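What follows is chain A paired twice: with chain B in the first complex and chain C in the second.
Right after this comes the complex of A and B.
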C-alpha cells in the first residue's frame, strides 16, 4: 500500500512539527513553510483547476446519473417526490426489459472478440512488420488507414459491403431475393458483421501501438536469445513478450475501453436496434431520443458504469500496486 | 439546439415600402400569392436554390439560400423565428417560397428559419421546446401535439383558430384540439397510407386490384411466381412496420380498439392483438426478405425498378418517385386501400393519414416581442395558397385548407383526397397516436422487429413483454 502521507497532499504546507497539528486551530502560532505564497498559489491552481474540472464534468454528472436512475424523470419540468421510484428501473431492467440482457451479451461479445481475435491479430501484424519485410511501411499505412477514418465513414463503407446488393453478397454470387445474406438486417448475424467491421479498425490501432513498442525493444535481447538457440517463436514468447509488459497493459486497457464504449458503428447502421443492441445505444435511444426516458436511461448508464469499474479497478490496483513496491 | 449559428439560418429581411393595414393584406393574399407576385418570388427562390446545391448535402442541417426580392405591401412587423423539420431539398424549396410569400405580404417582417434534419428535430423535440425554441415550429397532430400542450411547452392559438377555422373540416379541428379544449396547432398537410403499385406492372401482368384478404394473398402468390417481390418493405428505421400493424389492427379490431390499445386502455396481451400478428405472419413470406437492412427509400427503389409489386406506405413516397428524373415514373404510380379482412370493421374504411401541423412554442425567448408576427405566420399557413406552395414542391403533402385550389392536383392526389374523405375513421400513425416513449426505437419499434424476425412464433411471450414495457413507463400525463 502507498504511504498515506505520500498521497495525502499534506506537504503543500509543511508545518514545523507535530505540535502545530496538535494545537489545532490556535492561529497565533506562526507557521513556517518552505513554500512561498507564490508557490502556494501556483500549487493551488495546478491542483485546484483540474480537481474542479474533474468534479464538475465527471463526478457531478456521474452522481446525477446515479440519482436520476432512481426516478422516472422524463426531462420536462422539475423532479418532484412523485418522480422517485426507487429500484423500479433496475428491477425492470433485470426482469422485464427484453433488450437489456441481449445488450449486455453484445457488449461482452464485443469485448471477447476484441480480446481474443482483433487484438492478437493486431499484435501478430506488428510482429510481422517488425521483421523489416519488404514494403513494411506500405503495409503499416494500409493497416493503419482505417484508424484514421471516422467511425461514421467506417460504418458507411461497411454498409456498402454488407448491403444485400453490396460487394460481399455479389462476390459470393448471392444476389437473388431468396438466397442473399442480409448481413446487417439478420438479427442473429449482424452483430458478427459489425464486429468484423469494428475489428478492421481496431487491428490497425493495436498494430501501431505494438509496433512502436517492438521498435524500442533492445535488439541485443533477441541476439542473446538467438545465440542461446531459441527459435523465433520461443524468443517472442519467452523474451520479447515479457519485456513488452508495459505495452501489453496498454493494449489490454485500450481493448477493454474500446469494447465498453462501442457505440458508433451500431448506431450508424441501425441506431443499435434489431440485434445490434449495446448498453450505450440503449442509453441513447431511451434518454436522448424523443422517448426521453431519462430516469430509465440513467439506470442503464449506471449498469455500464459498474461494468466499466471492474477493469478500471483492476488496472489501477495493478498500477498502484507496482508503484508502491 | 436552437443555436444562434447564423450559417444554419436563413434570414429574410424586408423593410416596409408602402403602408397598408394587415387586414387588407390578408384579404388580398389570395391574389398576391396566387397571381403575378408568385412567379417572381419563386424564380428568386429557385435561382437561389440552384446556386447553392450544397445545401442539400449535410444531413444534419440544411442551409437554404437566402435570397428574396423585395415586395411592396404591409402587414405585421417584427421578427418571427421558425423551427422547421423540412430538411429534404424539395421541402426546403417549399419553405423558402412560403417565407418569401409571407414577407411579401408583410413587409417589415423578418423571418428567421432554422431548418433541422427531420429525425434530429424529432429526437430532440423535448429538449428543444424546453430550451430556446423558435417562435413557431413544425410538429405532428395527435398524441404528440397533446403531449407537449399538456406540459405547457406550447402556446394555445384559439384566437388565430377563431379566424381561420371555417377553412377546415371538423376532422382537422379535432386533430389540433388538446385535452383542455384549446387549439394548439394549424393543420397544414396530410398524407394517407395505402398500398402503392405501378399501373404498368399491373396491366402488363394482368393483375387486378385485390378487394379481399384472400384476393390479396392470391395476388402475392401470383407475383411470386412471376419473379416479383410481392410486397417491398424496408424496416431498418423501425417505424415503417407500424404502418402495417396499424392497418391490420384497424381492419381486424376496429378504430376504437386500436386507439384504446395505443393509449393503454386495452392490453397488448389481448387475443385481438394475437390475431393481428397471425394475419401479418400470413403475408410476411411475401415481403422483401432483406427488409431488416433496408431503409424505406431503398425498398421503394425496387418498386420503381419494377422488381417488386406493391408497397404499403405513405403518400410521401412520391418524393422517391419524382427524384428518378423520369416523370413517367410518378405518372405510373397508383394505390389502392388495404383490402377488406372480412370483419365488421371493414366498413370503417379506416386508415392512417397523419396530419402535420405548425405550433407556437411557449419558451421562445423572443416570443413576447414577436407574438403578433408569430400568430400572423400561423394564420398565413392556414391558407390554401400557402399550403400549395409546399405542395408544388412536395406533392406527397396534401393541403388541408378548404380553399386550397385542388384543380392543380394530379390524379394520384385527387384519389388520395378521396380515400381520406371516404374514411369514417382516421388515425395518425402508431407513433403519433401513442406515447413517444412507448413508440421509440427501443420500445415498440424493437418489439415489432422481434416479431418480424420470426413471424410464425407464438406471440404470447412477446405480447407480455410489450405490455410489461407499457406498464413500466412513467405515469402518463395525457
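Right after this comes the complex of A and C.
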C-alpha cells in the first residue's frame, strides 16, 4: 500500500517519478542514471497521457459524483450555495425513496446467488474438467461460450425461454389462456429468472479462471494427498482449495464486482423496473433518462461507490501487493 | 496376491463406473448449457406463420434461413456492424498502445509512485461504470471538441466520445496484465539496449514490444470482444439510433420487431456470430487474456 505522502504527490506523480531518476547518485542508487533528458521527457509522456485521461474521465467524475450528492442540482444553470442540501439526499434515500431498499436487496440477492450458487458451480466444473478425461476441452468450450456473448444477446436468448409462449411455460404445459407464469413480468419472480440467465454466463467465466489456477497447482501435492489415503473430495477441500488462496480471492472479487455492476440484463428486460431495480439502474433512471435529479442520482452512485470500494481495496491489497514484488 | 489383485480390479472397475457417471453428468450439463442458444436458433429458423399457427413449442413444418435474410435487410445489420468496427478497432489499438507504454515505463523505472499509479489504473477499471456515469454524461455535453473529430462539437453522441471512454476504462486492465507480463522478461534486455545507446523509445519499440506479442494478441482478442459486447456506454453516451454500435442497436430492434420473435432471434444470433467466431478462431488467445489478468505472469 502506498503511504499517505505518496498519495499526496499523486497529481504531480509522473514528474516525481522522472525526477527520482534524474537525481541518481545522491538519492537512491539508480540503475538507469544514463537516461538522457530526452528519455525522461519520453517517459513522462508515456505515463502522463494515460494518467491524465484516467484522472479526467474516471477519478474526476467520481469526485464530482461525491460532491453532487450533497446538492439538489437538476442540471440547469450553475450550482450555487442554494443547491447545497447536505445529507438530505441520503436521508431521503434511506427513509423516503421506496425503490432504494428493494434495489439494495436485489443487488444483495444477486451477490448471494453468485457467491453461493453460480461461482461454486463454476469451481465445481473446473475441478471436474481439470482431470485428464476425454473431451475435457469440448466440455470447457460448451460451458464457456456464453461468456463471449454480449449481455444484450444473453438477455434476448433468455427472453425466448421465459416469454409467456416461450420454452419454459410451454414445456410445463402452461399457455397464455391457462395460467402461464409470467417469469419476467412478475415482480417477485423476475429477479430469479434474471439471476439464472446471469449465472449461465458467470459459471463459465469462473470455471476458466479457476481452471487456470488449478493448472498451476503442483501435481505432487495431489499425489501426496492420495497416498495419504485422502478421497478426492478431501484432497480438494484440505489441500487444493487452500493453496488456491490467491485465485480464490480473485474469484470473490470478480463475483462481487460483477454483482455490483449488474445492469445490462435488467435494463434490457424492463429498464430495471418492476422488481428488477438495482442500484445501477436507479442511478441512470433518476439522473439521465426521463428525470434529471442529478444530485439525488449521485447519492445512489456514492452508495454504490462505497460498497464497490470493499472488493476493490481487497483486490488491490492482496493481488497488487504480491504482484509488485 | 489374490487379495491385492482383487482389490485392484474392483477399484479399477469403480473408477470406470465413476468415469461413466462423470461423463453422463457432464453431457447432461452441456445439453442444459447449449439449450437456450439452440432454442434461439430453432426459433430463428422457423417462419413466423408457422409459429403463429402452432405455437413456438411445436414440431416445425418448415425450417429455413429466411428470418436471417429478412433481419439482415430490414434491420440494416451490416450498417451497425460497421458502427461497431468504427468504435472497436481504434479503441482496441489505442488502448494497447497506451497500456504498453505505461506498463513499459512502470516496469522499467523503479519508483515509489509506480505502485500507486498501477493501483489508480486498476481501481479505475474495477469501478462500476454507473458510479461515474452522471457527471461523465454532463462532461460529455460540456467539453468542446473541434470539428473534424466531432460533428456536433461535443463528446456526447459521437464516435470519438465512445472510443475515448472505452480506452479510459480498458487501459487499466491492460496495464495490469502487460506490466505483469513485462516483469517476467529478463532485465538484462533493457540494460543491453541502453548500453548499445538505444533511446528509451527505441528500447520500447524494438526490444520490449516485440517480446510482448503473445500478451498483446491475447489482450487484443479479449478487448475486442469486451468492446464489441458493450451495451452500457453506447446506450447512455450515444443518442442517435443510427450511430449506435450493433449490440445496443439490438435493443432498438426489439422495439421495432417486438411482435416477431423469429426475426429477433435471427438478429440476436447474427449479433453474436462475430464474437463466437473470434472465440473459436482465437480461443487460446482469448482464454490466455482472461487468465493473464488473474494469475500472475
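Here is the rule we use: the second predicted complex is superposed on the first by the 256 of 325 C-alpha atoms of A that agree within 3 Å, B and C clash if a C-alpha of one lies under 4 Å from a C-alpha of the other, contacts with A are read in each partner's own complex, and residues count from 1 in each chain.
Following the convention adopted for this analysis, a residue touches a chain if its C-beta (ideal position, glycine included) is under 8 Å from a C-beta of that chain, and two chains touch if they have at least 3 such contacts.
From a predicted model like this one, the values you see are computed outputs, not experimental measurements.
A.B. asks: Of chain B and chain C, which one touches more residues of chain A?
C.D. replies: Answer, by number of touched residues of chain A: C.
A.B. asks: First (chain B), second (chain C), both or neither: which does A:287 touch?
C.D. replies: It touches chain C, and chain B stays clear.
A.B. asks: A:163 in the overlay: touching chain B, chain C, both, or neither? Say first, second, both or neither.
C.D. replies: Once the two structures are laid over each other on A, A:163 reaches both partners.
A.B. asks: One more residue to check, A:185. First (chain B), second (chain C), both or neither?
C.D. replies: In the superposition, A:185 contacts chain B only.
A.B. asks: Which holds for A:279: it touches chain B only (first), chain C only (second), both, or neither?
C.D. replies: Only chain C is touched by A:279; chain B is not.
A.B. asks: Identify the partner contact of A:50: answer first if only chain B is touched, second if only chain C is, both if each is, neither if none is.
C.D. replies: So A:50 only meets chain C here.
A.B. asks: Looking at the overlay, does A:75 come into contact with chain B only (first), chain C only (second), both, or neither?
C.D. replies: A:75 sits against chain B and chain C alike.
A.B. asks: Just checking: does A:199 make contact with chain B only, chain C only, both, or neither of them? Give me first, second, both or neither.
C.D. replies: Once the two structures are laid over each other on A, A:199 reaches no partner at all.
A.B. asks: What is the contact status of A:119 with respect to chain B (first) and chain C (second): first, second, both, or neither?
C.D. replies: A:119 contacts neither chain B nor chain C.
A.B. asks: Could you tell me if A:271 is touching chain B, chain C, both of them or neither one (first, second, both, neither)?
C.D. replies: first
A.B. asks: Taking the stated contact definition, name every residue in chain A that is touched by chain B in one complex and by chain C in the other, in rising order.
C.D. replies: 75, 163, 288
A.B. asks: Note which residues of chain C are touching chain A in the complex, please.
C.D. replies: 19, 22-23, 25-26, 29-30, 33-34, 36-37, 39-40, 43, 55-57, 98-99, 101-102, 104-106, 108-124, 126-139, 164-165, 167-169, 171-172, 175-176, 180, 183, 191, 194, 199-201, 204, 225, 228-232, 235-236, 247-248, 250-251, 254, 261, 264-265, 268, 271-272, 275-276, 278-279, 283, 286-287, 290-291, 294-296
A.B. asks: Quick check: in the complex, which residue numbers of chain A touch chain C?
C.D. replies: 2, 6-7, 9-10, 13-14, 16-18, 20-21, 30-32, 34-36, 38-39, 42-43, 46-47, 49-51, 53-55, 57-62, 64-65, 68, 75, 125, 128-129, 133-135, 138-139, 141-146, 148-153, 156-158, 160-161, 163, 165-167, 170-171, 175, 200, 205, 208-209, 212-213, 216, 246-247, 250, 253-254, 257, 260-261, 263-264, 267-268, 279-280, 283-284, 287-288, 294, 297-298, 301-302, 304-305, 308, 311-312, 315-316, 320, 322-324
A.B. asks: In their complex, what parts of chain A are in touch with chain B?
C.D. replies: 72-77, 83, 88, 92, 96-99, 162-164, 177-178, 180, 182-187, 190, 270-275, 277, 281-282, 285-286, 288-293, 295-296
A.B. asks: How about chain B: which of its residues touch chain A in the complex?
C.D. replies: Checking each residue of chain B against chain A gives 122-127, 130, 151, 153, 229, 236-238, 288-294, 436-443, 445-447, 449-450, 453, 465, 468-469, 472-475.
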